[in-house]
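What follows is a single structure, written as structure tokens, with notes after it.
Note that the chains are named A, B, C, D, E and F in the order they appear, and that numbering of residues resets to 1 at the start of each chain.
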Amino acid sequence: MKFSIVVYAAPYSSEAASTAYNFTKTLLDEGHEVYRLFFFSDGVHNASSLAITPQDETNLQKFWDALIQNHELDSVVCVTSAVKRGIINQQEAERHELAATSLLASSEIAGLGQLIDAAINSDRVVNFG
Amino acid sequence: MKFSIVVYAAPYSSEAASTAYNFTKTLLDEGHEVYRLFFFSDGVHNASSLAITPQDETNLQKFWDALIQNHELDSVVCVTSAVKRGIINQQEAERHELAATSLLASSEIAGLGQLIDAAINSDRVVNFG
Amino acid sequence: MSNSHTFTFISRTAPYGSNRPQLCLDAALAAAVFEQKVNYIFMDDGVYQLVKHQDADAINSKTLGNALETLDLYGIQNVYVCTTAMKQRKLAADDLVIAAQSIGDEELKSLLENSNTVFNL
Amino acid sequence: MSNSHTFTFISRTAPYGSNRPQLCLDAALAAAVFEQKVNYIFMDDGVYQLVKHQDADAINSKTLGNALETLDLYGIQNVYVCTTAMKQRKLAADDLVIAAQSIGDEELKSLLENSNTVFNL
Amino acid sequence: MSSLHTISKSPRFNLLESCLSAVSEGDSIIFIEDGVYHCNESELLAKLLSTSKCYGLKEDLSARGLEVKVDVLQIISYRKFVELCASHEKIISWF
Amino acid sequence: MSSLHTISKSPRFNLLESCLSAVSEGDSIIFIEDGVYHCNESELLAKLLSTSKCYGLKEDLSARGLEVKVDVLQIISYRKFVELCASHEKIISWF
């Protein structure tokens, strides 16, 4: 079955980001398919490339990154949510003359159309916030 | 009177960050003193140097940055909260071999001792979350 | 893109305190742009979004009451408020910035049953 | 640093769902390190932090029940639970991972009145 | 057209109350994250049993040290959570 | 040693209930952000009046289009909010 997963919560502040990760991992293990991951609102922080965690704690951003790469998932961060939260890619950085990027290469920035498209083309949408 | 302000909330997701800003601005206008701003938990995102906001919206990070610089405020982001949320300075970036920094130069990264010190040395501590 | 999908958006939170009302609205407008069937339901504290005479300039924010008028501009006509939520908050239809149909629990359930995707913020 | 300051930390939220219990604990331990007088109060859902037999490995988290034992290690002995919160959640002293003194509203008020700084998470 | 409702905040936030006004006969409810603190309110859950099946996520229950009476709700793993999402026509998340 | 309590979430989150078990005679309460939705519950506030002064932050009230009966609480600006923080010995924030 084709799932899309929407994540509204940042890692570390709320358990929801971790639940979304566990859920996504399980559904892939069970042979289901991910049509799209969509990171919305504070959820965009799951795709930060700059997070550093202590060795005894989970680096959820790295977990997502590995999952996305290993399964070649389509992972999108909402543009409106991302840029105002400082999650930016090369293109946005250049456009606004910022010296850095902060988005993991495994995700791309796109609009809310990708969320609507995901809902239309998935069998199930599951929201975590 | 000497105030310290503690901010737990990120901009845009909750009104608390904006309330904290308005409050701090007002107390300075009224002739009070800020002993320290302390950004804790998701509050560290107020000190992000990478935020881009649409022209018709408030860039709260820039507002804080200007206020801190104009009044030469002591502004601290909690190290434990910051690094796992991808808010890092040059030193952390180099130590973890990350290509970018994301902390506004007007704030510095420090430990919770600075929060306790602020409480001891201020007449009032006001928390916004 | 297929046009047979029904989206229902439930907006349950108060304006300004959090960004959830704006997220819900943005997502609904996106669905409308894609020419999908959209229901928009105000429930719980969400009905506060509809109160007249809002002016959020003083708190560095955009006024949401005005933004809700865009629902109509984007062709979203199925706009509902939960009767219970209105009563609990002592609000009447006259207090609201846009026209919305009052619904009880049974109508709410039926709207949800007939939806393909529900966003609940 | 002056030693006459009394800090009171109120921890009101459930473990794991949010990071607030951890923030509260971290701040209290920092106050203890600075050799300040510290009160630590579990109120509302915060009493859930004290439930025995927690094991957060499966949700990629550190087990908070264990972490609370560090209160004692850092010399924080004034640890309280609100009687009302315990009763509402059907918890008894035996269910708790550390010893804590039960307090009613009057004792809570008096602790707060005699504090210089209150962190309320 | 049955729905699976997820509830992920403590009872303090009254999400179940809102959820119940939207639950149709045949829908199911799963308690996750801090939502698992609903699992000890056996009277409330017993009432729910007539219209809906209730589930609690094992990982969140054991993280919190919660023991639950299994006659009013079923304790399930992430695997079964995914299965429930597949077997219900849509998922409505309350958070 | 009077305290100023700030309440910044909607009544839905029951913060006032928790706050009241911690409010001493002579303390004050200010409603800010979504907390200003408490300002219309005149009965509740009238009861509070016997022990505590209640305030609502003007900017948050007008943002939300709320009209308030000024006999049970005082509508104040940020300036007065700062002044209250200075005139109370400590501030306890409920959020």
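We adopt the following convention: a residue touches a chain if its C-beta (ideal position, glycine included) is under 8 Å from a C-beta of that chain, and two chains touch if they have at least 3 such contacts.
In this text, all values refer to a predicted model and were calculated from it rather than measured experimentally.
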Chains touching both chain E and chain F: C, D
Third chains touching both chain E and chain A: C, D
Top-ranked pair of chains - ranking by C-beta pairs in contact: A-B
Farthest chain (mean CA position) relative to chain A: F
Chain separated most widely from chain C, comparing mean CA positions: D
Centre-to-centre distance between chain D and chain B (centres being mean Cα positions), rounded to whole Å: 26
Chain centre separation in whole Å, for chain E relative to chain D (CA means): 28
Residues of chain E whose C-beta touches two or more other chains: 8, 12, 33-34, 59-60, 90-91, 93, 95
Junction residues of chain A, two or more chains touched: 8, 12-13, 15, 19, 22, 41, 57, 125, 127, 129
Multi-chain contact sites of chain D, meaning residues that touch two or more partners: 16-19, 44, 59, 61, 116-117, 120
Touching pairs - complete list by chain label: A-B, A-C, A-D, A-E, B-C, B-D, B-F, C-E, C-F, D-E, D-F, E-F
Complex interface listing, chain B residues touching chain F: 1, 3, 8, 15-16, 19, 22-23, 26-27, 29-30, 32, 123-129
Chain F-facing residues of chain C, complex: 13-18, 44-45, 48, 51-59, 61, 63, 65, 89-90
Residues on chain F engaged by chain E in the complex (per definition of touch): 12-14
Contact footprint of chain D on chain E as seen in their complex: 8-10, 12, 33-34, 37, 40, 58-60, 62-66
Interfacial residue positions of chain C with respect to chain A in the complex: 1-2, 5, 7, 19-20, 23, 26-27, 29-31, 33-34, 36, 116-117, 119-121
